[in-house]
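Think of it as A, B, C and D in the order they're written, each chain with its own count starting at 1.
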Amino acid sequence: MSSIPRCKRWQGIVFRSVKDEETHSQVIELEGHLIDSNILSKVLDTVMDMQGDFEFLEFNVGKRKDDYSSTSIRVIGETGEHLEKIISELLRVGAMLQETPEVTYEASPGDMMLPDEFYCTTHHPTSVYLNGDWVEVESLMMDKHIIVEPENNRVYCMPISMVNEGDLVVVGDRGIMVKHPERPREGVGVFEFMNSDVSPEKPATSIIREIARSLKSNAVNDGKIVVVAGPALIHTGAAPYLAEMIRLGYVDAVLSGNALAVHDIEYALYGTSLGVNLEHVKAQSPRNHIAAINQVLKAGSIKALVESGKLTKGIFYELIKKDVPFVLAGSIRDDGPIPEVIKCSGEAQARYREIVKDASFVIMLASTLHSIAVGNMLSSQVKTICVDINPSVVTKLSDRGTSQAVGIVTDVGTFMPLLVNELKG
Amino acid sequence: MSSIPRCKRWQGIVFRSVKDEETHSQVIELEGHLIDSNILSKVLDTVMDMQGDFEFLEFNVGKRKDDYSSTSIRVIGETGEHLEKIISELLRVGAMLQETPEVTYEASPGDMMLPDEFYCTTHHPTSVYLNGDWVEVESLMMDKHIIVEPENNRVYCMPISMVNEGDLVVVGDRGIMVKHPERPREGVGVFEFMNSDVSPEKPATSIIREIARSLKSNAVNDGKIVVVAGPALIHTGAAPYLAEMIRLGYVDAVLSGNALAVHDIEYALYGTSLGVNLEHVKAQSPRNHIAAINQVLKAGSIKALVESGKLTKGIFYELIKKDVPFVLAGSIRDDGPIPEVIKCSGEAQARYREIVKDASFVIMLASTLHSIAVGNMLSSQVKTICVDINPSVVTKLSDRGTSQAVGIVTDVGTFMPLLVNELKG
Amino acid sequence: MSSIPRCKRWQGIVFRSVKDEETHSQVIELEGHLIDSNILSKVLDTVMDMQGDFEFLEFNVGKRKDDYSSTSIRVIGETGEHLEKIISELLRVGAMLQETPEVTYEASPGDMMLPDEFYCTTHHPTSVYLNGDWVEVESLMMDKHIIVEPENNRVYCMPISMVNEGDLVVVGDRGIMVKHPERPREGVGVFEFMNSDVSPEKPATSIIREIARSLKSNAVNDGKIVVVAGPALIHTGAAPYLAEMIRLGYVDAVLSGNALAVHDIEYALYGTSLGVNLEHVKAQSPRNHIAAINQVLKAGSIKALVESGKLTKGIFYELIKKDVPFVLAGSIRDDGPIPEVIKCSGEAQARYREIVKDASFVIMLASTLHSIAVGNMLSSQVKTICVDINPSVVTKLSDRGTSQAVGIVTDVGTFMPLLVNELKG
Amino acid sequence: MSSIPRCKRWQGIVFRSVKDEETHSQVIELEGHLIDSNILSKVLDTVMDMQGDFEFLEFNVGKRKDDYSSTSIRVIGETGEHLEKIISELLRVGAMLQETPEVTYEASPGDMMLPDEFYCTTHHPTSVYLNGDWVEVESLMMDKHIIVEPENNRVYCMPISMVNEGDLVVVGDRGIMVKHPERPREGVGVFEFMNSDVSPEKPATSIIREIARSLKSNAVNDGKIVVVAGPALIHTGAAPYLAEMIRLGYVDAVLSGNALAVHDIEYALYGTSLGVNLEHVKAQSPRNHIAAINQVLKAGSIKALVESGKLTKGIFYELIKKDVPFVLAGSIRDDGPIPEVIKCSGEAQARYREIVKDASFVIMLASTLHSIAVGNMLSSQVKTICVDINPSVVTKLSDRGTSQAVGIVTDVGTFMPLLVNELKG
């Protein structure tokens, strides 16, 4: 048993596993905070949902709350194939089999193709057992596959669009260890509590205070804060507050699209957003947003517009002044677009990923499209807040797997001034 | 023509109307700001929607923007009955016939019964032509009927449940003048602009500033500000802000139900709302709201609880300290309820109406049931703001006819601190 | 141990519990499907959330999936009071202490008052240990208290408004056994799957087919099907389908308010709902719903209107023809109301409870107010479906504790024809 | 005056306009169905909102409902500049000045640049007065500019991204005629009624019947029906119904993105959508959608997958079998994407426009991004239906100007089976 390398924090490891062909059974073993972290009930649920059977062979409960428990369970299928399916699901849940620790892989049959049996990733930290040791998967993203470079001892996640013929792709489910998040030993905070559901009936100011506290401690620890934002931020009058947050140093990158920049610049130049004056709340000229695009195109870029002295305030003004990176992804509904927009969706994804890969805190503000895109790129370890007036955005994020996102159902136009106020306080 | 008394502000008056049985036609006349206030297009729309025809006999356009226009139109139906139906609708829209100015009425056939041809009210200021003069309808409410006391020259609105046999009820549609709201001569403000739709993408801080300004000027002019509130106000942490607004003198009455009081008191006594601690955002004992009810029941009333020194903060503490009236209507979902709750829906309605009848500003905060109830009692002259996280509440208010309500789609938990901040500023 | 009566299905029973004053610790024991039903992780979560500590003394895992597990755990607090709080929460979660099985109770200090330490109920089946035996709590409702009649060996739930001075009320948390629902041993069905969240992105026709199947099997087994419905049912054109469902025998009671009946009758008499013609989707007279009320008031009741031959179709026509009971609760926003409406909220609650107490299937259709009211009255064993276009209704139901409600986010106007189609198929 | 060519249907034409510099006034004239189509009240509203003044010089009202009215109005500003601003807005609303009928244009200063004074289009049919004649603007889209080719007598709309240096761009607002939609002379149908708001409380089956009727008559008249769809169509189980609609010949093109195709193919191959089995509503493998992408990539295209016999049902199977064109636009959140997806947003827009330019009926099903993109490309003459569970999608469409879109707030999973049923009936 000592031959199995241990990760510092993990939940379920099988260290012996004997398959019995005759009885369609296999022994799996688990170790970790099995009970309170739900890993064990997930394993048993899975078996029962799939109409399998199980038998506990051994159960050593961790006596104190910091101790690990361990157990060995015989899982029984109706047929060999049935057993195989159950085991396969269990491995996704976090179990691991001992007898085949070495990960298996196959060469890709062609560019942008995977072997049929490719392993599909979760967004939980994952390692594979390669060359006799556990190697952590780099650039982890959800619903992707894993490329292996055995000679370099490297494994990493990659979108299918970047696969080349002959790349070695992890297949099957052996030799893979998924570390589900542990619950904190000393009670849960606002984040964990909020996480549970998307109800709008939550105490707003307390939550905002907690987020501000968390942002401050993140900034102190040099964590990278990434803001994902949609154009409703401008329409709702929140632009000056995000601009101030950038000035205060709480934003390390902004991910968005053409519309955020266009309306931010429209507001800075003409005082309107989508043609509505934000001070006096009156409809003015709907041509202003095209005029804003025209100004950027004539200047050559947002940066050039700032340098020419024409753009003197707003989110993008502050980003450029502070040299904070931003990526604008093109979309089918763009007017213009302005030169900074990356029109190729593949390239835009790559640039987003570059920004996101070392993020420690992601704030999603009133953007469905970009939030879900970013959600798919995030490890479940990254603190993620999603603020939207529409509870369905958070529901969608969860449906697509970004389970760690904390949903704040409110208007960004009222959320942002209160948040900035706390950040300054 | 001089025999027709003129109201100071009105929109459409017919001063001659000749019915031609043979051609199924009738001449109506209108006077007022016919064009820019849409009264004329509404009249023509109605005729066309009902497959009628029309012919302009005369059209005197008001030359300058403060002048009235006048017109006489021959409305033509396919049959006499068809004509009658069209004319009936036109009278609701704001037209009036000259030849029968005297209002018609019939005795109610029994307690809680109306004559079949009863006139059904709108929420726009309405007068009836009684004893040779225009008399304004008192206690106007939407979707009600009008009682006439010819001997006292009084007319008033009344719910059907309060009708006694023999009460004189206005029938048909003659002798009734409905004054639709005029648009301001000098451009529209935030209220009129917002009125147009329920989009959440509006500039929050500007709108809140404008509401604060409007509340201040209302307070200066001794207008009555009524707050309608639901329990989500407490869950979202907004209670201290409404309490402060009361302390600042911006609340002249509160209309709500059992839950608002219970959760306000639960929060004041135990720091929780529906069992969730609002400071640390942790689930605590779900029994706290029943315990709060028990405390009130033991004291005998909220007031007694304040006087006993046990209740020392919160919305209801401030209401009692400032002697601001409140009405709590019972509902099928009440726990308790506490003694102040009026369990009979008819009595609760009467008490609400008493509060609402001289209101000049109504703020609806996160309450569907009470907001729609109050909306039905309001004249269209009353400034009405409806704040809710859920756009459907405002849509429902409109569907039920409270067309003047301005919807602010946001979380009351973020709206209230910003509003109170502006009120103090 | 043999002295402890066993329920057939339960989850956690402590059968020895030794309190150690010096170490602030207490031994609790649990028995049941501890792991896969999450009872054990809930217990440990609770201890850790409350900053307590624990130690496993013994753990006997149920070997096969139908076997129970048992465990004894020493729970450790920082002080005696801290320990007491933790134990108190654990008892709510489903643990039980052996040494004081006999339930404790106190006389109510006055009418509509509870002893301060009253026990507050959940909606999970609950028993109390009385006179040396487990007695199941009758009329169980959520967030209520328990009355004991020791001489009759009876215990039952009661709203606080019905408490008389001297009634014996359960206090503290000893001698109470709460049975949390078990997960099915053989995998979950549509109900359990749906239960997990309120996403609108679910396969509609499959779910409707499953609901129809479940309704059919319920009807075969003489289960009582209760429909809770709001007036949007009429506006969306679903009335004929609910009428047909009644005719088909799938409705054993209807709970609603004034508006459902008024608009149903408006539609039956005039073809409109809130004045909108439902066939041609055109606005017609907004007075129709008051006219409908007037017709009912003149007839004396809905039943009389049916018997007079004037009301010949619709939901209430079918209810009366089939002698299916209905309860209409009054509310602050009622027009009329019609005679069948119960204006006193307390009496309406009592009548609702009467209907609901032996229900086995509750269908909530487009009604927030009545759904939440009914939700509070239901045991968690009752199959509950909530259909609403607005996901917030289901979220609210959950927030208020009706955790078993399965939310179907869709328009009742499209849901009902598809459901009736399946019921007939 | 006879020199002004008349369009068959238009609303406001100024045929004399005398500017008086001294009085800051200008005479405009209007002709058309001025009153009931709101053109006149819009003109007067605009003047008053901008604090201007007006005086009617002449008003000839159209006597019968099919007659046009004409009027001449002196518009008065406070300064010359103020007057200019007011006139400029009036021209957008639909007024026109006689004295400068010839449209003005300027050469573009560079690739992807506009002259600062460019005219910004609405989505209402527009003509410019060029070489002494009215020429209709081709490829009309909202919020774009107009390119003039005087030598060819051609004018057309173009996105700014396609402008080349030297292109002649319409500037100012003279010589431009915007035809606002007229209201039907004989009453409104379901479409116009629904148009008024986004309330979910509408009679579903009547509306669906009306849409089916409209689709049938569109098909008979060889109108082009374009479906815009999002992936929730698949998750909600509506795929077989859209597939059937294609088979029935009611779909002439489909506009969507990667996800619709991926989940449609996932469902066809594995019975799941986002890993959830749509028949038994159980979570199955989340890797299935990546596996579906892999199958398409290995085949080389969807078409190849159909031809290989592997893809045998579903939306895309039917599209390929019937040779119905589809365009899939890439987005930042795509997995894969599959080969048919156009990754460059500019190119995807161009392909969408190609499909949309001769559409007569557009059905938007559960897609925010693509619906708003398509909405921006549509003339206001195109019948547009937007079906979404989320009322905010329709609100957004309106906020962005697609005012003609009729919103149906319901689940596509229940809407589609009812629609297909009507189409077959």
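Convention: contacts are C-beta pairs under 8 Å (C-beta built on N, C-alpha and C of every residue); 3 or more make two chains touch, one makes a residue touch a chain.
What you are looking at is a predicted structure, and each value in this text was computed from that prediction instead of being measured.
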- Task: Could you tell me which chain lies farthest from chain C when each chain's centre is the average position of its Cα atoms?
- Result: D
- Which of A-D and B-D has more C-beta contact pairs: A-D
- Provide the C-alpha centroid distance between chain A and chain D, rounded to the nearest whole angstrom. 35
- Message: Going by the contact rule already set, what residues in chain A reach two or more other chains?
- Response: 49, 187-188, 200-201, 274, 282, 389-390, 392, 399
- Item | chain B-facing residues of chain D, complex | 35-38, 40-41, 44-45, 47-51, 53-56, 59, 61-65, 71, 183-188, 197-201, 391-392, 395-396, 398-399
- Note on the structure: The chain A residues in contact with chain D across the complex are 49, 89, 109-110, 112-114, 116, 118-120, 143-145, 159-161, 257, 274, 282, 285-287, 289-291, 293-294, 297-298, 329-337, 341, 343-346, 348-349, 352, 368-370, 372-373, 376, 389-390, 392, 399-401
- Task: Could you please specify the touching residues of chain A with respect to chain B in the complex?
- Result: 187-188, 190, 193-194, 200-208, 210, 232, 235-238, 273-274, 276, 278-283, 389-390, 409-411, 413-415, 417-418
